[in-house]
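Take this structure first; my questions come after.
Letters A, B, C and D mark the chains in the order given here, with residues in each chain numbered from 1 onward.
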Amino acid sequence: MGRSVGGPILEVEGISLSFGGVVALQAVSLDVREHEIRAIIGPNGAGKSSLLNVINGFYHPQKGSVSFKGRKRRRVDPHEVAQQGIARTFQNIALFRGMTALDNLMTGRTLKMKSNFLHQAVYWGAARREELEHRAKVEEIIDFLEIQHIRRTPVGQLPYGLQKRVELGRALAAEPDLLLLDEPMAGMNIEEKQDMCRFVLDVNDQFGTTIVLIEHDMSVVMDLSDRVAVLDYGRKIADGTPDEVRHHRAVIDAYLGVAH
Amino acid sequence: MHLKKLALSAAAASVVGLSASQAVAQDTLFVPLFTYRTGPFANSGIPIANGMHDYFNMLNARDGGIGGVKLAIQECETGYKNEKGVECYDSVKSKNPLVITPYSTGITLALIPKASVDRIPVFSMAYGLSASAVGADFPWIFNPPATYWDGMSIVLKYIAGKEGGFANLKGKKIGYIYFDGGYGLEPIPLLDQFAKEYGFSVTKYPVPPAQMQNQSGLWLSVRRDRPDWMVMWGWGAMNPTAVQEAAKTGYPMDRFIGVWWSGSEDDARPAGAGAKGYLSLNFNAVGAGYPAIKDIEKYVIAKGNSQTPKGTVGDNFYNRGVMNSAVIAEAIRNAQRITHKKVVNGADVRRGLETLKISDERWKQLGLPGFAAAIQVTCQDHNGHHSAYVQQWDGTKWVKVSDWISPMKEKVLPLLYGAANDYVSKNQPWPKRTEACDDKTL
Amino acid sequence: MLYREVGQYKTSYGADQALFPILQDRIGITVILLFAFVGVPLTASSFTLDSVLIPVLVLSLAATGLNLLTGFTGLLSLGTGGFMGVGAFACYKLTTFFPNVNIIVLILCSGFFAAAVGTVFGLPSLRIKGFYLAVATLAAQFFLSWCFIRIPWLYNYNVSASIEVPTKTLLGIPVTGPTASPVTRYLIVLSIVALLTLVAANLVRGRIGRTWMAVRDMDLAAQLIGIRLYQTKLLAFAVSSFYCGVAGAMMVFLWLGNAESESFNINQSFLILFMVIIGGLGSLLGSFLGAALIWGLPIVLRAAPAFFGLRIQSATAEQASFVIVGALIIFFLIVEPHGLARLWQIGKQKLRVWPFPY
Amino acid sequence: MTHLLYGIFIDPFVQMGAAPDLLVQTLWEGLVSGVLYALIALGFVLIFKASGVFNFAQGIMVVFSALTLVGLNEHGVPAYLALALTIAVMLVLAFAVERVILRPLVNQPDIILFMATFGLTYFLIGLGELIFGGDPKVMISDQLQLPSGSYRIPIFGGYLQMQKIDVAATIIASLMVAALAVLFNRTRIGRALRAVADSHKAALSVGISLEQIWVIVWFAAGIVALATGIMWGARSNVSFALEIIALKALPVLILGGFTSIPGAIIGGIIIGVGEKIGEFYWGPLLGSGIESWFAYVIALVFLLFRPQGLFGERIIERL
């Protein structure tokens, strides 16, 4: 392992979130250390996705705070979070279906592009140079994810597994420091899962990207992650290494117990 | 790649243009008729189109055309839309049209500059740009028998007559309900000027095109303001709605007077008994009891060469169409007489129009005795500022209720020349008149 | 066989990112442009220029504008007519203020006024989407056409309440007004449209275009990627309105020569929308195909009977064209929701693999 | 400046106080046109509720049905037979729409179906003019025994003038709403309709095929359109210019929401009354004619403060 887990990069403190009467999260705290793979598990409706939505500023919690790279924030807009270096994938794919895989990845780099409107309009000088640089970067990711053959295909027409892969690519294109993966392997067959696991590990390994991962497949979680947090009914009921969690009483009751 | 498509349609169009021009043989008098039998203005457009069409067909059937030369009539549907009108113009201008009848103020305005350059006369009978009556500035445009300003002055004259003289207009309130476009806006300067001079007040009720059939709010204001008289410059679907709303609000119909474009049977009929007493200007007679119209029924309608619905022959706007064609026909005869040619062209007809003179005697010879006031057009005055009369709806038909009332030229002309200068100065460089005046040479 | 990429290897991303990566397309477009700039002016009749080519080009530009907004950014607008009107009246005022400035410059400038107005009426799009936004743009449409009649200053207090185009010359040649020859006006329109189309093509293949499409396809995800929704949408409104404005200015100055409020009414907006739908949402090519079809069809229909020696009332032809256009819209949506442009693509794809089925 | 402020904030209310009868009259006129807007909106809602299609053609269906009725009568068909035939025509239309538009386009994005109804609009305009001619027609009110004339009720020293036809319109409208309410809430079809609104599969479980439901709602919308057409036709005349007015149903929907029948009614009345009051009391300030856009502005302003409409509930966006 060419990576060394460092200090906390993300700290979530006492987050409480509710819609009208429905409580999604209450007083949830957890930290993510640099370069680690952090898993969040829990039954459906435990509030996992809500937590991610809070982290990248899509939901605004009533209580608590999130601090990223030591900078504390209460209420931010998603695009600011993106600027700070957090990217994510989604439980049910949120790709730009009308655009090609290539364009999806290029869009992932929007924040890194600076050329102004006029240059864009004439597509010359700065704009063109920029496009080509970023194209090169994106091609690296395309090679990395082995999706060269579907570059020019509108993603709407791609099979599910590949879409998931493109979505990962789009997140990587932003060269994030923290990558949030919401059930990256949901609904995949075993080969696809293995590929995806490989990608996740390689990303973490080669780019040293910190990864927060929501996943149902226990085996995957246990193999991949350094530390696991368990949510149930919006509360964190356990946190620790896979082994610790695996033997945690509450977890067994709340989650593994009812698991197949 | 898109241009491939363009090229295709271009090819199609040019082929088409070709075939169409073949349709117009060499030894005919080609008179295109811009008409609108579709859209929200069709109720006014259809009878006029029928009248124009039938009269020319009658000339062809009865006299074999004009001066022995057959007329070639071609309708072009404009739907009262300017783009379509301009397209119609472009599609006929290369086929030596003798005269253009736009039948829309908007289209007329669009064609005035073009026609002057292409040397094609435009005949806009009592509509279009009032200022185009000034022959010195608009040698190719003709708008007899009267301009909107003449019309407004006639209306006010009539009102003054009812009130017992212009002096009594002092302190009176006149409501002006108008189509919210060039056509309705044009008379306003004159109306305001009169208001100042005679001390009556004017309240304006514009009807936006989109609201033509939704005037109840506006007529509430009328009920609030209680004008002593209502004057209407309406067209299309606006007219019947206005008459109905007036009846609803219980406005005294015999104090509600429309211009000659707000006086069709279909404008009054929908309001049923409520419309009884509604007044409107007119400059052509109503009814089918004229030899020429009898001939139309005999030579055209009876033969089934017309799409005129039974019973609409002799209606106001049908007769308006007939008059329109009769005047054009007379202008063509004039042109043949002046030029000693049988097959005349647009330039000749312009001269024919500039020397146009239809006396009462001549109207009789045309089989239209007393059908309209005598018309004279000169090369200075392309309008003539002729008289109109007031007609009243008796619940089933129009009845002439006034003598021919002459417009107040002394008031109209200054405005007219002002407007003409304004137009010319705003459209510099405006071509100087080069055409000679025939009435001197003749 | 003719249409094959085989053997055309791209050695740089630059080559791959080019507007027309495939050789045959490059040849094709050059030929077509040559024909449009040289062939047409030499051959076409004045009717073809005045009533077919110029209108289609002008409307194509408006359609392109709407397509940038509706097709690329997914914001449905029914205010196109109004925005065209802003361009037209702005251009008219500019000619009165700066009578000596090159008219083409003024036409392009008038686009900026439309852009400004468009942006203002785009503000609601920050809060509302879809049909709701369509209604907001309807408000713009009706309010603007009301302004065009109710603010006499806009038409220099002409009694006719309409704007006439003064004759303007360029290097001594009249380019607007009645004396300007159709060929001159055609060439100017063609140049402006070609130029702006190129710009549009550049915008949509670059960063800006991608952000627009991202907002269209999934605005939430776009937000989480770091795209500012507000700026993106407003930019789309501005650019779109700019195109519509220029189209409107050209419509008055290089096509009709005169206009009034009614020339930019709601029906205009619908017409442009139909062109975009039939042509293909999200395709620049589509805007042109759509415009050509919707404008060309009635003309052909009007002339077709005469062509086959039939006599049909021009009114009937007009009505028939309504029926056919309506049926066509439905037909296209059923067989190919993505419009003519997609059919063209499919055709090319077939050609590419010809003679094999796939 | 002060004059302007006076004109905006004081004068209108002074007027209202000075001539309360006019105020009542204005409210009545607003109510009537509001009811007519509401009827058009109702057609939208019916179809949207059941098939998720935003039927832009509703406005033209109003004109088309009325035109068919009058046109048939002009061709010598007795009024009531013509009415029956028109209803039949609307049924045929419903079938045709289901077969030709909805079935092939099912599962397409809403926007595509929306566009398709644009096509339908054009088609119906052309067809109507082809068959019956483009000239606006006079509604055959007498043959249909529609009431004419008006009630004149003295109030506040002035009077309130109510056209009998308008009264009839309001009554018929309310009856129709009641009938639809029953249809939706009491009958098996109604359950199916509501089921479809949620999910298409659910509908099948109720034992009614999607196709049938579509035909039913489009037919119902057709009937509503016919009623609207007759009423509005009787107030002015039957012509395609009505189509533009039909657009006023859009702001109504914005207020009422796309799926709520009471919403359509209340929205319609708000818009109708709002624009009449606006035109009557504030219009003169702006040189009148503001009625053409005022309704949309009302809706727009309303949208900015309550994007989900009167009856819609706030949507929580999820990922």
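Just so it is clear, a contact is a pair of C-beta atoms (placed from the backbone, for glycine too) under 8 Å apart; a residue touches a chain by one contact, two chains touch by 3 or more.
It should be emphasised that the depicted structure is a prediction, and the values quoted were computed from it without experimental measurement.
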### Query
From chain A, what is the lowest number of touch steps before chain B is reached?
2
### Query
Counting only C-beta pairs in contact, which pair of chains has the most of them?
B-C
### Task
Could you tell me which chain lies farthest from chain A when each chain's centre is the average position of its Cα atoms?
B
### Message
Just the number, please: Cα centre separation of chain A and chain D in whole Å.
### Response
48
### Message
From the mean C-alpha coordinate of chain B to that of chain C, what's the distance rounded to whole Å?
### Response
36
### Query
Using the average of all C-alpha atoms in each chain as its centre, how far is it in Å between chain C and chain D?
33
### Query
Residues of chain D touching 2+ other chains?
129, 134, 244, 287, 289, 292, 319
### Query
Which chain A residues sit where two or more other chains touch them?
58, 90, 94
### Summary
Note: chain C residues in touch with at least two other chains are 142, 145-146, 149-150, 220-221, 224, 266, 315, 319
### Touching residues on chain B, where the partner in the complex is chain C
1-10, 12-17, 19-20, 23, 35-38, 75-77, 79, 82-83, 86-87, 90-91, 94, 105-106, 109-110, 113-114, 116-118, 129-131, 180-182, 185-186, 188-189, 206, 208-210, 307, 419, 422-423, 426-429
### Query
Quick one: in the complex, what on chain C touches chain D?
76, 124, 127-128, 130-132, 134-136, 138-139, 142-143, 145-146, 149-150, 220-221, 224, 266, 270, 273-274, 277, 315-316, 319-330, 333-334, 337
### Query
chain A touches which residues of chain C in the complex?
12-14, 16-17, 199, 202-203, 205-208, 210-211, 213-214, 216-218, 220-228, 235, 282
### Task
Under the touch definition given earlier, write down the residues of chain D that touch chain B in their complex.
15, 19, 22, 25-26, 29-30, 32-33, 129, 133-136, 138-139, 148, 150, 161, 163, 232, 235-237, 239-242, 244-245, 275-276, 279-280, 283-284, 287-289, 291-292
### Query
chain C touches which residues of chain A in the complex?
56, 58, 77-79, 81-83, 87-88, 90, 94-99, 103, 106-108, 110-111, 113, 115, 117, 120-123, 127-128, 130-132, 135-136, 139, 170, 174
